[in-house]
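Chain IDs A, B, C and D follow the sequence of writing; residue 1 opens each chain.
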Amino acid sequence: MNVGLLTGGGDCPGLNAVIRAVVRRVAASGGRCTGILEGWRGLVRKMTMPLTVTETDGIIGQGGTIIGSSRTNPYKNPDTDLTSARNHFESLGLDALVVIGGDDTLGVALRLHNDFALPVVGIPKTIDNDLAAADFSFGFDTAVNIVTEAADRLRTTAESHRRVMVLETMGRRCGWIACYAGVAAGADYILVPEVPVDLRRMIDSLARRRQAGKKSALVVVAEGARVEEPAHDGNLSHESLSNPRLAGIGPFIARTIEKQLHVETRTLVLGHVQRGGAPTTADRVLATRLGLAAADLVLRKRFGSILTYSRGVISEAPLTAENIAARSLDLDYYEAATAGFA
Amino acid sequence: MNVGLLTGGGDCPGLNAVIRAVVRRVAASGGRCTGILEGWRGLVRKMTMPLTVTETDGIIGQGGTIIGSSRTNPYKNPDTDLTSARNHFESLGLDALVVIGGDDTLGVALRLHNDFALPVVGIPKTIDNDLAAADFSFGFDTAVNIVTEAADRLRTTAESHRRVMVLETMGRRCGWIACYAGVAAGADYILVPEVPVDLRRMIDSLARRRQAGKKSALVVVAEGARVEEPAHDGNLSHESLSNPRLAGIGPFIARTIEKQLHVETRTLVLGHVQRGGAPTTADRVLATRLGLAAADLVLRKRFGSILTYSRGVISEAPLTAENIAARSLDLDYYEAATAGFA
Amino acid sequence: MNVGLLTGGGDCPGLNAVIRAVVRRVAASGGRCTGILEGWRGLVRKMTMPLTVTETDGIIGQGGTIIGSSRTNPYKNPDTDLTSARNHFESLGLDALVVIGGDDTLGVALRLHNDFALPVVGIPKTIDNDLAAADFSFGFDTAVNIVTEAADRLRTTAESHRRVMVLETMGRRCGWIACYAGVAAGADYILVPEVPVDLRRMIDSLARRRQAGKKSALVVVAEGARVEEPAHDGNLSHESLSNPRLAGIGPFIARTIEKQLHVETRTLVLGHVQRGGAPTTADRVLATRLGLAAADLVLRKRFGSILTYSRGVISEAPLTAENIAARSLDLDYYEAATAGFA
Amino acid sequence: MNVGLLTGGGDCPGLNAVIRAVVRRVAASGGRCTGILEGWRGLVRKMTMPLTVTETDGIIGQGGTIIGSSRTNPYKNPDTDLTSARNHFESLGLDALVVIGGDDTLGVALRLHNDFALPVVGIPKTIDNDLAAADFSFGFDTAVNIVTEAADRLRTTAESHRRVMVLETMGRRCGWIACYAGVAAGADYILVPEVPVDLRRMIDSLARRRQAGKKSALVVVAEGARVEEPAHDGNLSHESLSNPRLAGIGPFIARTIEKQLHVETRTLVLGHVQRGGAPTTADRVLATRLGLAAADLVLRKRFGSILTYSRGVISEAPLTAENIAARSLDLDYYEAATAGFA
């Protein structure tokens, strides 16, 4: 049995652990694995590499993906790319394809399965933790630990200079990273995409803490947090609200705090460092379990399926649009976290 | 409302996050908190410190427990210590007592509640992850990350010298730490207390890998792993099996491997470093959630209860012997992990 | 003897280790220490705290400065602030003042010593490693380790996506951080303030590597690196060079690479995270040695002096403008590093 | 030009950075490199691998040595091994040999150069920092950071339980690691091989601190620290001194403290974890500089030489017994460090 593996979308700590686990389980059953390079692009262009137990043995602790990734979508050029992808699947002699990716990458797998009965098995991947299929996605734990460590470092500077520090995290459409790292870092305020930013409430909360004697503060904001339309408020003037999107939400929040509270404020936009480097133990273990389970689905020819991770249990589910839909931050959790710290 | 807090047994990353969360939630409801120092000893001797929001603000990322811990059990001296503890509870004007500990510490809380209706709320704590009340205990994630990092370091030495390295982890009666860190480190063999050590199987497995070309190996063994009675086997001679307990199981396993495989083998007994230092993000968040939930139980006067954490959900349960009983490693999980790597 | 301590300018890992060492050595000689809060501002406003051996015992591993810092300069308001500072020095009963800071903070100490014979001892502090007094400044080692770790993380993403990553480090006027971290991270190109940026040479070098088969690249650039006037070059058009200062040099370099090489490029501006958090071992040891040496100078009444650190040796020198002047990156070192990797 | 590279003795973070730098500099000059596998064993048995710029590009941050190491000494079997080594040097077509190792490995290089004019260049390597040729050896900085981090973790447990923790570090014949990490961790006592252990003085010092109110303590001891002959002292009885060597000095010191001070004491023997894993920035930079300098010596045919690192400067020196002799901890430094904390 020849099993193809493909990783698509943004890279994520744990991808190599998934690859390693699939390769080992398939090899133990007498099969072999073929890495499709750079996501769907590799199937379109027939770029591959063999994946053996020996060569994948040491990759469990490496960040990124040894087979590369991209956001190529063969359905954008159905006449050329899609045809190539189908032909190469045949000519490579693949019996199955394990696809590790987010909504875009798995969306292609879904269509290929529906349109051409391509024998696919999907594994959800999102560093933002925002896929319906998984309560927790591998990579998320690594990302929040990186954010928390950065926040801990900013905290010491904030305290030394009696400053406010604003830390902008990943999370275009969901606030899991900001909320988790914010709670872990003891943030004084947390802003997420799921709840429109109430500048007045934030400023009042920070002002109360300063009056209570706390000289420094840490604000954690997800990159996708949105500011409401400017209320006609003399202090929160139009100017200060003018262009939060120009330089990003983090710098905007920092400027607003500096103007309103008259306190030195600095921003850090943490960016890509959140998705790189060695995965944490939890991410390695979760990714390994998903890889073993995916190989089992392949060996049992359960194609058109996706693995879900809910309440600590890995299960098989159909690969459907619902299972790769977006998942928001649990607002009960957010309320509990931020209410406890009002 | 005056809420006492007490931490007992071995220290564990996340204890301070629990304390901080309880203090904040109680303060937000108009109450105050009193730290009982050094576990039950502090109640026996009336050693306390006030716990305020300001002074606990910065402790979320600190290891250990700012109120100290011990293994003192007032029931050992019922005439003196037990009477003192009860009297001090009264004279301190406590309305409730939040007890954070393992089976011993919570066992005392249970008896005090049953015998004298002491208004206690329990939070399970075990770095070994071996309490019935919790699928995952705070501190465990930090511990396994420390072990995995150590294992990653040993791996580079093992490879450079074509050696076998044996890493002995904590886990007197359960193999969660060894199994998780072993999987995450890509260990070549994992030994846990729940499964009697089969030396022959281990040696054969390691030998196969060497024959397949892998020159180095990493074995992870929980300190509580037990060796079966020496089979009368010419190679696994009596001498090599003689005293695994004298110097610990790790060095014993290393000596056995060295004798059988004729390959340089080294041991590391990781010890107390596994339970110290800054908690991971996951441990801080879980500990904070438990602290908030415990404060809620106190405010709602749900005494004689314990918090459980099962399948991602924190719940209230009665403080009973069953809920603080020992929990073993999930053998299905162990089998899956080790079968995939046979 | 009552010794004042003051930390000024940007915070820096190791400040607390200096404070702890001064306090211990002074206490061992029967004296006591007074912390002047928030730099010179604390002397102007008489904000102080006692510094005892007990309370400074555990701070060696903490980032920032427990006595706070600021950029206040009493010479800006000589009639009010300067007079207050002098009066408070008297009324506090200080016998000496240990000043830990960069050129600005130490410049004030120098003037106070010259103008009013204030008994000062200076310790050079700069995270950028750019003071004449020190070959290596405490805090620098911590900063470069943080940058290298970030660069290692970016590298895995760069490789997974066949991208160029641009990492902008601290270093307004000198390239020590960029050069050290760049070498350690195996950067493909390093840009520093001391050498005007030659965009053409950079692009050609990166292009050669891509042609040789290396799909990803890492460029490290100091925030103070300057682009030369736009050569009239059809490819490096005016537009692409238009405003490197608007969004910073890092994003500008990234846009230039993307346009010229037609390869996805991302930027990370690492910012304040470089100066926070626990100091490395080397920084703790160096800071401790400086603190002990400064206390010795005080005890021997060697005022108007500064400690220098040259070729591994800590020495006493006069506190002069020369000794607190700026120090550039050693260009021989830069050439060696980058020539070796051309 | 064909340059052989060989790494011998215990592995050490930074070896791969040396290899990478030599390979790049030699390649830039039109030469090529050959890795001799597993130290001198590889020359005896003709085990090699080609070392190219591409394949060594990503190894700068990896611990260990990709070409392996051993303690094989061809002079132990002059008739067979030595002859083989010489013959293989010829048949491999090597023009030079860069030898990276400690006194043993470099001692062989010295003899081969003296006896047979083998064109060798030596680079000193010792994680213990105990070679005459180098004030600081690559690998040492990584090791002390690992020790300090472990000590920081132990400290939180010590404080939570009001315990003494004893940390045994590497350092068979010198105390650099123990002294540096001990200072950085704020250790309460430091024991090194260069100064015979004075148990009475240690116990008295720890007792004074406890009386002054400090409930916990951290003692750092190098594995090579030696206990003096038992003074006939009723308290420090013969039994407690009986066999420090049986289980190592760390456990012996812990038992002694527990008996004398009647306080719970625990030991951690850190072992091999100190020499593994990713090198720090300083070690990568130093190793890279040494590699570039060694390649320069080879290109200039300066054979029979060794690189020294003294007061921040890398220099060429003759490969002599003196330059690879042992170097002790600077006792002035030790006295300063421990006197300041008496």
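The definition used in the following text is that contacts are C-beta pairs under 8 Å (C-beta built on N, C-alpha and C of every residue); 3 or more make two chains touch, one makes a residue touch a chain.
Bear in mind the structure is a predicted one, so any value in this text is a computation, not a measurement.
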Remotest chain, subunit D as reference, centres from CA atoms: A
Whole-Å gap separating subunit B and subunit D, where each centre is the average of the chain's CA atoms: 34
Cα-centroid distance, subunit A relative to subunit D, in whole angstrom: 41
Distance from subunit D to subunit C - Cα centre to Cα centre, in angstrom: 30
Multi-chain contact residues (two or more partners), subunit C: 152, 155
Graph class of chain-chain contacts, one of line, ring, star, complete, other: ring
Chain-to-chain touches, reported pairwise for every pair that qualifies: A-B, A-C, B-D, C-D
Complex contacts: residues of subunit C adjacent to subunit A: 7, 10-11, 15, 38, 62-65, 68-70, 146, 149-150, 152-157, 159-162, 165, 247, 266-273, 275-277
Sites on subunit A touched by subunit B in the complex: 20-21, 24-25, 28, 54, 57-58, 60-61, 135, 141, 144-145, 147-148, 152, 155, 180-181, 183-186, 212-214, 278, 280-282, 284-285, 288-289, 292, 311-313, 336-337, 340-342
